[in-house]
Amino acid sequence: MDTESNSNALPNPLRGIIPPMVTPLLDRDTLDAAGLERLIEHILAGGVHGLFILGTTGEAPSLSYRLRYELIERVCGQVAGRVPVLVGITDTCFTESLNTANKAGDAGAQAVVLAPPYYFPAGQAELLEYLEHLTPELPLPLFLYNMPSLTKAVFEPQTVKAAAQISGIAGIKDSSGNMVYFHQLQSILRDHPGFALLVGREELLAEAVLLDGHGGVCGGANFIPKLYVDLYNAACSRDVPTVEALHEKVMQISSAIYSVGHYESSYLKGLKCTLSCMNICSDFLAEPFHRFRQEEHDKIQRYVKELGIALKR
Amino acid sequence: MDTESNSNALPNPLRGIIPPMVTPLLDRDTLDAAGLERLIEHILAGGVHGLFILGTTGEAPSLSYRLRYELIERVCGQVAGRVPVLVGITDTCFTESLNTANKAGDAGAQAVVLAPPYYFPAGQAELLEYLEHLTPELPLPLFLYNMPSLTKAVFEPQTVKAAAQISGIAGIKDSSGNMVYFHQLQSILRDHPGFALLVGREELLAEAVLLDGHGGVCGGANFIPKLYVDLYNAACSRDVPTVEALHEKVMQISSAIYSVGHYESSYLKGLKCTLSCMNICSDFLAEPFHRFRQEEHDKIQRYVKELGIALKR
Amino acid sequence: MDTESNSNALPNPLRGIIPPMVTPLLDRDTLDAAGLERLIEHILAGGVHGLFILGTTGEAPSLSYRLRYELIERVCGQVAGRVPVLVGITDTCFTESLNTANKAGDAGAQAVVLAPPYYFPAGQAELLEYLEHLTPELPLPLFLYNMPSLTKAVFEPQTVKAAAQISGIAGIKDSSGNMVYFHQLQSILRDHPGFALLVGREELLAEAVLLDGHGGVCGGANFIPKLYVDLYNAACSRDVPTVEALHEKVMQISSAIYSVGHYESSYLKGLKCTLSCMNICSDFLAEPFHRFRQEEHDKIQRYVKELGIALKR
Amino acid sequence: MDTESNSNALPNPLRGIIPPMVTPLLDRDTLDAAGLERLIEHILAGGVHGLFILGTTGEAPSLSYRLRYELIERVCGQVAGRVPVLVGITDTCFTESLNTANKAGDAGAQAVVLAPPYYFPAGQAELLEYLEHLTPELPLPLFLYNMPSLTKAVFEPQTVKAAAQISGIAGIKDSSGNMVYFHQLQSILRDHPGFALLVGREELLAEAVLLDGHGGVCGGANFIPKLYVDLYNAACSRDVPTVEALHEKVMQISSAIYSVGHYESSYLKGLKCTLSCMNICSDFLAEPFHRFRQEEHDKIQRYVKELGIALKR
C-alpha cells in the first residue's frame, strides 16, 4: 500500500462523518473477522468520510495489544484507501502509544488519534509537553481526542491552541458533550482553518455543523451511517428543516438504543446489540462489560424494528 | 396592580430573551436604587421578552431576605407590566421559597423560578414530591431551573416530564451547559408544546433556538440586550449567516468579559464591572465575592471599548 | 441569662463529645416541643460536653428562620448553662449568618459554628476574607465547620492556620471524613494548643482522640450519648482494648442504623427513626426528605432491639 | 525458583510494611539497573515485610510492557525470596493483566495486585464478575487495590466481602484515604481473619494498625523504611506514645517531601527526588510527568537534611 499517497489524501481540514467503529469480537481476545468485514462494508456503503478505529466505542483499552495490531492490519487492508483510516493510540504509556502509531503507519492508515494519558491526570503544561515530545516521533498526522469523563484530563482551549501550532497535529475530536467548550475552540482557532474540529457526541452533530464545525464522530453511524451523512450534508447546506427532522431521528436513536438498562455502558451495549440484531456482527463485549441479557436484547430488537433499521440478509 | 391580568399575560410557552438581572448593590445589604432604575430601563430598551430577578446572576443566595423582598417590590413597580417579571425562589427551605413566592405574587410578578434545594441533594423521587407539594401553594406559575454545578442535583429528563404534568409548572430554564440534556428534554416534551424550554448559557442560545428551543436567559443581556434579541430573532427566522455572525460576537464577549482572572466568579465580576464601566450601576458584589481590583477593572474597560459597548452618559 | 459568664465557661480548647442535635419536628414548620425537651434531657444525661444545634444533622438549611430562632431560644433556655450550646450559623448570606449569631448571643449560647457559604463556591482567599469580615461582628466565639461534600468548598489547612490567628475563632469541626486532612490540621496547628480540633464522623472518633484530637461531634450521641462519651474517655486514657470494643459498637450502629435504604439521607432518616422508636421525639423530616416508610421503620425497630438501645418509657 | 514454596510462604493474613517501590529509570524506557539494586537493598535493610512493585508509586501505567516484565525479573531475582514480592497487574485489559500475572508467576513472585480496570468504570456487579473470571486463571494469590481517585471505580464493602469468598483472593490494599471505608471493611470482614486489610496512605498507618488493621503500603518506606516498620511495631504493641511520636514524623515527611510544588504528582516527584538526593537512584519520571526543576530539587535537598534522612555514600 502506498502510504505516501494515502497520507496526502487526508483532507485539510478533515470534514464529514467519521464513524468510531465498534470492534466485533468472538471472545475477549478473538476478532469476529467475518463480522468485521461486513461491518466495514456496511459503514462505507453509507458514504462516510473516514473511519476511526480503536477509540472508546472500539473498546480499545479493553483489548490486548496483539488484537489491536491485528485489527489495524485487517481494517487498513480492507478499506484499502477508499476513505482515510484514523487509529486510536490513546494509552497510559508514551512508548505504547508510539508502538501502536508505528503499526498504524506500517499498515497504511492516514492518521492517529490520542486522548490524554488516563491513569495519572497530567496538568495542562504537562499535556502540552507530552504532545511536543510525541508528535515528532509519529509516522502520521495526529488528532487530539478530548474525553474528560473517561480520561480525567481535559485539553483546555489554550492547550489546543498551542497544540495547533505543532506541526503534525491536524485537529481535535471533542467528546466532552460541552458545546460551550466546542464554541470556545472554534473562536480561539479561527485563524487555523486547516485544524479540524469534530464533535464526538452525535446528539450535537446538527448544531456543530450548522455553526461551522467540520463534522462528527458518530457511534450510530456503525448501523445507520447514511442518517449521519445526510444530516451532515443538510447542515452544510444550511437546510434547517431537514436538519431538524434528521436531528430528531438521532435523538430517538439515542433515547432508545443507547438507554436500555441505564448502565454507564448502555451506549456500547446497545450499539453492539443493534449490530447483532441486524446480522452484521457479534455483540460480544470485552471485560469489564458483557453483552445484553435476553430481556434487554429483546428491547433492542423491538427498537430496531420501530426505528425502521434495515437488516442485513 | 392587577395581578390577574399580568398573570394572564404570560405567553404559553414563554419565548424570547429573559435576562437574568444582576442586583445592583451599594454594600452587602443596600440596593443601588438609582443604578437599579437605570439598569431596568437599559434592559427593557433592548426589546427583551421578560426579566428574571433573584437568580444566580442576581446573587440571590448571597442577599438577605429583607433585601430580596425590597428588590421584588422595586422591580415589579418599575417594570409595571411592560414585560413579565420572573422571580427566583430557590432556597434550601420549602417555607422560605413559599414566603418569597408570596412576596412576588403580592408585588405583581408573573412567575417564579425554582432550582432544587441545594444543601441536601435530593433524589429524583424526592425532587418530584417537592414540586408536587410546593406548586399548589404558589400564587404564580413556576419555572424549573436546572443548575447542577451549583445545586448538586439535576432535574433528570423523566422528572421534568413528570413535572410538566403538574398544573402550574410552565417551563424550565436549563443552565447545565449540556446540550445533549437540552435535546433530551425537547424530545421527551414534544407533546407539551406549552412547556417552555429556555437555555441558560448564552453561548448556546444560537443552537438552542435554531433547533426549536424557546429562548434564552442570557447574562450578557444586562449590558447589550439587543445583541441577544437580534440573535434570537435571526434564529427564529432561520437566518443562519446572521445567527453565526451574532453568535461569534457572543463568544467574543464570553471569552473577554467573563474570563478575566479565571475565578469561578469571573462571570459575575465581569458582568458587574462592565455595567459599572458603562455608568449603569455599581460593581459591588455581595460576599463571598468582591468587585474586581484595579488591574482587572482596567482590562474590562479595555474590552468594553474594543467590543464597542455603548456607555450611558 | 448571664451570657458573659457562660461565654467564659467555654473550655480552651473545647474538648469531648458535642452531639449535633436533630431538630424534632411535628411538621415542616412546627417544632415538636415536648420531644425536644425529652431529647435534650436524654442527651445531657449521657454526660456530653456540649450541644451543637442547627448543623447538618439538625437540618438547619431546611428550616425557616422563624423556626431556627425559636429552636435557639428553647434549647438555650432548657440547657440553662449546664453545657455549652453551639449554634450553627452556616448560610449563603453573610447578613443572615450574622442575624442568626445575634439570636444565639441574645439567647445565651456559648459559640457559633460556620461552614463556608454553600451556593457560590468561594476560593480560599475569599473564604479567609469572609472570616476576617464576619468574626469581628459576631457576639460569640466561632468554630469553623469543614463539610465539603455539602458545601462544595473546603477550608484548606493553610486557610485554617490563618483563621486560627483571627481573634474569636476557637476551633474547627471537620466532617470531611478525610483523616489525612485532620492530621494535616493537627500538624500545622501544633503551636495553637487552644484551637479545638473536633472530628465530625463518629466512625473516626476512636482514632481522632487516640491521636490527640480534642473530641467529636457524633450524631449517634442523640440516642446513645454514653457510648461516645465512654469511647472518648477510653481514648483519652489510651485504653486501646476498650477503645476497640466501643469503636466496633459505633461501626455496628453505622452499618445498621445509618444504612437502611441506601439514600443520601439514610443517616438522617435512621437517626430520627431511631429516636422515634425510642419514644423520644417525632421522626418527621423537613423537605426535601421524608420519614422512613413502614418497611424501613420496621428494620430500624429491629436494629434498636438487636443493638440493645434502651427505650424511654 | 520454587514458586510453590514461595507461595506457601505468603503469611495469612499478610501483615506489616510492604513498600510500594518506585521504578528507577534512566529514561522513559530504560531501567536504572544499578539504582534499582541499591533501592531494593536499602528497603530490605529497613526490615520490611514485603515489596510491592508496579503499583501507582511504581508508575506502572506509564511503563511499557517490555520494561514492566524486565522489572519483574530483576526484582524477583534480587529479592530471592527474602520477603514476598507483590506485583501490580492493574490494567484496562483483562488479557494484559493475565499476561503480567504470568510473568510474575514465572519470575517467582508471591502475589499479584489488581485495581479495577480504569478506563471504563465498571459497576459493582461487573467488578465482581471480573474477579470471578480472572482469579481462577491467575498463577498467584490476588490482592485487591482500592484507588478510586485514579481508577474512578471503588470496590464497595459488599463487593469486597463477596470477593473474600473467592478462592485465591487474599486481601485488599485501600488507598482511598477514607478511614470510614476501611473500618467498614474491618467490620464486614470480621469473620475472614485471613483476609489482609492494608492501608495505602502512610498518614493513616498509625490508626489503621492501632485499630487492628494488618499493615500499610507506605511510599515513604522507599527512603526511610525503618520509620514505618517501627511505627507498625509500636502500633501492634499498642504503645500509643511511641506511635504518636513516629506518626508526627510521618506527617512531617508528608507535609515536606510530598508537598513541593502542589502538583497532583508532587508525591511521586518528591519521592524520586529524595531518593536521588540520597544517592540511591535516578529521579527520572516517565511521561506525563517529569523530575523536579532545580528550585524544587533544592527544597527537597533542604528537607532531606532537616528531616535527618541519611544519605547513601
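Order of writing sets the labels: A, B, C and D. Residues in every chain begin at 1.
Everything below uses one rule, namely that a contact is a pair of C-beta atoms (placed from the backbone, for glycine too) under 8 Å apart; a residue touches a chain by one contact, two chains touch by 3 or more.
Being a predicted model, the structure only gives us computed values, none of them experimental.
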(message) So if I look at the partners of chain A and the partners of chain B, which chains show up in both lists?
(response) none
(request) Please state whether C-D or A-D has more C-beta contact pairs across its interface. (result) A-D
(request) Could you tell me which chain lies farthest from chain D when each chain's centre is the average position of its Cα atoms? (result) B
(request) Indicate the whole-number Å distance between the mean C-alpha point of chain A and the mean C-alpha point of chain C. (result) 51
(request) Report, in whole Å, the distance between the mean C-alpha point of chain A and the mean C-alpha point of chain D. (result) 36
(request) Could you list which residues of chain B touch at least two other chains? (result) none
(request) Let me know each pair of chains that touch one another. (result) A-B, A-D, B-C, C-D
(request) Spell out the residues on chain D that touch chain A in their complex, using ranges where they run on. (result) 28-29, 56, 59, 61-65, 67, 92-96, 99, 116-123, 126-127, 129-130, 133, 150, 152, 263-265, 286-290
(request) Give every residue of chain A touching chain B within the complex, in rising order. (result) 177-180, 183-184, 186-188, 201, 203-204, 206-207, 210-212, 238, 240, 243-244, 247-248, 251-252, 254-255
